[in-house]
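Multiple structures follow.
Presented sequentially are two complexes of subunit A, the first with subunit B as partner and the second with subunit C.
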Partner chain A sequence: MAAVLGVSAHYHDAAAALVVDGRIVAAQQEERLSRVKNDPSLPQLAIDACLALGGIDAAALDRVVFYENPYRKLERVLVGSLAAFPRGAGFFRRALRSQLGDKLWVLDQLAAHLGVPRERVGFVDHHQSHAASALDCAPFDDAVALTVDGVGEDESTALWAPADDGPRRIASIGYPHSLGLFYAAITAYLGFRVNEGEYKVMGLAAFGRPRFREAMEQLLRVSSDGSFRLRTSAFGDHLRADRAYGDELLAMLGPAREPECPWDLQSDDDRRFADVAASAQLALEEVMLALARAAHEQSGARHLALAGGVALNCCANARVLAEGPFERVFVQPAAGDAGGALGAALVGARQAGDSIQGVFDPALGIAADAGRALAVARHLGLQAERVDDPEREAAERLAEGAIVAWVRGRSEWGPRALGQRSLLSRADDVTLRDVLNRRIKGREPFRPFAPVVRDAHASALFEGAPSDMTPTMTTVCRVKGDSLPGCTHVDGTARVQTVAGGGALDGLLQAMERQGQRALLNTSLNAAGEPLVAHVTDALDFFVRRKPDVLYVDDVRITR
Partner chain B sequence: MSRFTTLRELVAHFVGQRKFFFIPLLLVLLLAGGLLLLTGGLSYVAPFVYSLF
Partner chain C sequence: MRALADFVYTLSWRIPGRRWRRLLAFAEAEAESALELRCAAAATVDPERAALYLKHAADEARHAQILHRRAALARGAPVTLPRRGHGRLYERFGERVFVAYVHRGERRGRRQFEAHVRFFEERDPPLAAALTSILTDERRHERYTGELLEGPFADGAARARRRARLADLGHRWRRAGAALTAPLFALLMLVLYLLAAPLALGARAREADGWRKED
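What follows is the complex of A and B.
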């Protein structure tokens, strides 16, 4: 019986998670509290929030577990720099300054922040953290975990079997041969920010044709055993953090796109960039399928659990389920580095002798404080009052065409709004979608929105829904008919969320059904480039700045 | 004191994997680090540090 804190930090998406006696008590990403997108710093706010949610003092922690091995990571940086010498001299200086100035001492920093003896602070391997987060949160047994990301300590991809003291590695692929690095390079090539713009590449891909398929096959070669290799000479500048591609890639695909330029998908240039996105997406999906087939062959497991940043590619996940050999597929919703904090805590709990218990529910973050929302809203001069039936009332407003900011209970774990911190509108109205994209969220025009629907209606509206991935929006499904134009992407798919019975969102959807609507458009409560809202004060700040029609915080209704 | 635990674990990592070719590099790095620690980062150490990193 142990209280274990898991932490990820110092790369991107820092987070903390708390597991007590084998139960996941809390998990919180730092960016939502610090309001710094992809905040990589030591997650002091998230740690404190998790301890408060668990009702325990830091002194009561039995173990603190960091999500990767800082010594193996330093070794990889040293080896990588020496291998690239003298070209990598500049990278060597920067990397060592970063490693020796901060990252190497992360375990000391954690001990100091928490005031716990240094001996209680340890680590597990990066990909083992990912694998544990996937296997221990999956709703099935007889599973194997596939972890796919940019790089952990020195591996980019690994296959894991469950074991009593944490996942056991079956096979791995070493850096720099990395799907995450490949997709990051294409992200940078298309002018998006690496570690932030990958999902924009996925959305853009639907607008293009994969006419650069042959070039992609040269960049990313798949072997008959399911492993893959990058043409590293085309990613020659992977030692530069600001540009992950080399001149050879430019020769194959043409000039790169200038960052921050407005998009015009009617222009020849932007159509070419959409084609590059489509080609890269197709290549990634083919490799993910090859990896899944190899994983099935090597493990014999019936089910697959996915984690690592590449597992956030919901289009690839959909193909792995539809065309791969596994009966069921689950993706841990915080599949990126933030999720490593949860996995580290779970491995720590297992190593302390606990078995992992309970059904995974992603509502693991800080709770909404309706009383505070009421007080602050009135202080700001807004109309705020408690209502008897917020679901019924919100459904009536939504049916009339309102855009509703919806804050309920504990915030969700992972990058997707799952009805705890959401912006909602009708799913059948294209005008509302455009208002959301342009005025409320300020996003690129090609970015799709997601529908949310009750389990009971999922199969009527979507092909392949519900599945183990639809409750956390980690897959896409083909939309049946044309009843949801507001959240059907240009390729006829949608990143659907399905909702089982019991919660507030289920209640709202039932109330919507009484208004003649079976689905809602659900998007994250934030503007472009901002972290998702967590605190009610941030929700109020968003409401005042971006002007949705009404904000509900639990049973408090706020209008202007 | 906790930094000594980290240093001990770092050396144990490289020695445990028999990667002795890293030891000269690590020695230089640790020497520079130790120098900084002992002098409290005095300015006359700075040129050596900047030339290294």
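What follows is the complex of A and C.
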């Protein structure tokens, strides 16, 4: 019986997670509290929040587990920069500055921040953290984990079997052969921020034709055993996280897109970029399918659990389930580096002798404080009052065409708004979608929105829903008919969220049904480039700046 | 004295090609300040002050947008607003020192913006107008943080101001130190990299593709 804190930090998406006696008690991304998107810094706010949610003092922690091996990471960084000699000189300098400045001392930093003895602070491997987060949160046994991301210590992809003391590695593929690196390079090529713009590439892909397929096959070559090889010479700047592509890739695909330029998908240039996105997405999906087949062949498992940043590619996940060899597929919703904190805590708990218990529920973050929202809203000059039935009232407003900011209970774990910190509107109204994209969220016009629907209606509205991935929005499904134009992407799919019985969102959807609507558009409560809202003050800040029609914080209604 | 301050504050505007970079740096500072204030709003126990910090944060976010747009105009091409962290001032020092620090920053910002407005009044009237709108907000921010230091935080305000001054000096010292030592560090790292060059062959030999199976 142990209290174990898991931590990820210093690359991107720092987070903390607390597991007590084998139960996941709390998990919180630092960016939500510091308000710095993809905040990589030591997650002191998230750690303190997790301890507060667990009601325990740092001194009571039995173990603190960092999500990767900082020493092997340093080795990989040094070897990588030497392997790229002489081009790696700049990377060598930058890497040593950050490694010696912070990263190498992370275990000591954690001990100092928490005031715990240094010997209680340890680490597990990066991909093992990912694998544990997937296997231990999955709703099934008889599973193999496939972890796919940019790079861990020195591997980019790995297969894992469940074991009592944490996942056991079956096989791995070494860096720089990395799907995460490949997609990051395309993301940068298309003018988006790496580690953030990958969703945009996926959304953009639906507008293009994969006419660069052959080029992609040269860049990313799949072997008959399901492994893959990256043409590293085309990723000449792969040591630069913000660019990651080289002149050879430019020669194959044409000039890169300037960041920040407005999109015009009628123009020849932007159509070419959409075609590049479509080709890259197709290549990634093909490799993910090959990896899934290899995972099945090497493990014999019936089910697949996915994690690592690439597992956030919901279009690829859909194909893995539909065309791959597994009966069921699950994706841990914080599949990126943040999720490593949860996996590290779970491995730590197992190594302390605990078995992992409970059904995974992603509402693991800080709670909304309606009383505080009421008080602060009034000082902001807003109308704020408690209401008897917020679900019924919100449903009426939504049916009238309002855009509703919806804050309920504990915040979500992972990048998706799942009804705890959401922006909602009717799903059948295209004009509302455009208002949301342009005025409220300030996003690119091609980006789709997602629908949310009760389990009971999922199969009527979508092909292949519900599934193990739909509760956490980690897959896409084909939309049946044309009843949801506000959240059907140009390729006829939607990243649907399904909701089981109970809970406020289920209540709201039931109230919507009484208004004649079976689905809602559900998007994250944040503006472009900002982290998802966590505290109620963040929700009020968003409400004041971005002007949705109404904000509900639990049973408090806030209007202007 | 004012002429000297004007000269110092506006020196970089006179250097060709620097204008858009300076405006972008201002935008970055305003965006960082907005993040600090949002964190303060979440952390303070007092709902009235939370509301004050949120209003201030909204102003800073708007300033960042204005300055970002102006930077792009000055450059004649889109520019990306760098995204960095922030100083976590509230977390590090508590609310009283945080307010003293913000007050100090707003006073300095107000003085600088007054100089910038005077500089651009005739050279670039649209930019001067944008800066004037920001200056109006800066004066309000300076006033309300000053009132907090004389009201709810009056007890211990002098000490808080001293700590804020020290924190500010420390921040500037570290920034200057980093700027001064960066070339030396770069040189040392280059030498180290060249000395390690023979290891590159071994490093390349380590690269392998395909599955690495566990025993």
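Simple rule for what comes next: the second predicted complex is superposed on the first by the 560 of 560 C-alpha atoms of A that agree within 3 Å, B and C clash if a C-alpha of one lies under 4 Å from a C-alpha of the other, contacts with A are read in each partner's own complex, and residues count from 1 in each chain.
As a working rule, a contact is a pair of C-beta atoms (placed from the backbone, for glycine too) under 8 Å apart; a residue touches a chain by one contact, two chains touch by 3 or more.
Note that this is a predicted model, so its numbers are computed, not measured.
J.: After the superposition on A, what does A:450 contact: first (subunit B), second (subunit C), both or neither?
T.: neither
J.: Output check: A:376 vs subunit B and subunit C. Expected answer is one of first, second, both, neither. What do you get?
T.: second
J.: For subunit A, which side has the bigger count of touched residues, subunit B or subunit C?
T.: Touching more of subunit A: C.
J.: Based on the superposed arrangement, let me know which partner A:96 touches: subunit B (first), subunit C (second), both, or neither?
T.: A:96 contacts both subunit B and subunit C.
J.: Is A:75 in contact with subunit B, with subunit C, with both, or with neither (first, second, both, neither)?
T.: It touches subunit B, and subunit C stays clear.
J.: Is A:119 touching the first partner subunit B, the second partner subunit C, both, or neither of them?
T.: In the superposition, A:119 touches subunit B alone.
J.: Is A:108 in contact with subunit B, with subunit C, with both, or with neither (first, second, both, neither)?
T.: It touches subunit B, and subunit C stays clear.
J.: Which subunit A residues contact subunit B in one complex and subunit C in the other?
T.: Subunit A residues touching both partners: 93, 96-97.
J.: Spell out the part of subunit A that touches subunit C in their complex, as residue ranges.
T.: 33-37, 39, 41, 44-45, 79-83, 85-86, 88-89, 92-93, 96-97, 155, 168-174, 176-177, 193, 223, 225-229, 258-261, 294, 372, 375-376, 378-380, 529, 534-535, 537-538, 540-541, 544-545
J.: Given the complex with subunit B, which residues does subunit A contribute to the contact?
T.: Counting only subunit A, the residues touching subunit B are 71-72, 74-75, 78, 93, 96-97, 100, 104-105, 107-108, 111-112, 118-119.
J.: In the complex of these two chains, what residues of subunit B are touching subunit A?
T.: For this pair, the touching residues of subunit B are 1-3, 5-6, 9-10, 13-14, 17, 19, 22, 25, 29, 33, 53.
J.: What residues of subunit C sit close enough to touch subunit A in their complex?
T.: Per the touch definition, subunit C meets subunit A at residues 35, 38-39, 41-42, 47-48, 50-52, 54-55, 57-58, 61, 72, 77-80, 83-86, 88, 91, 185-186, 189-190, 192-193, 196-197, 199-200, 203-204, 206-214.
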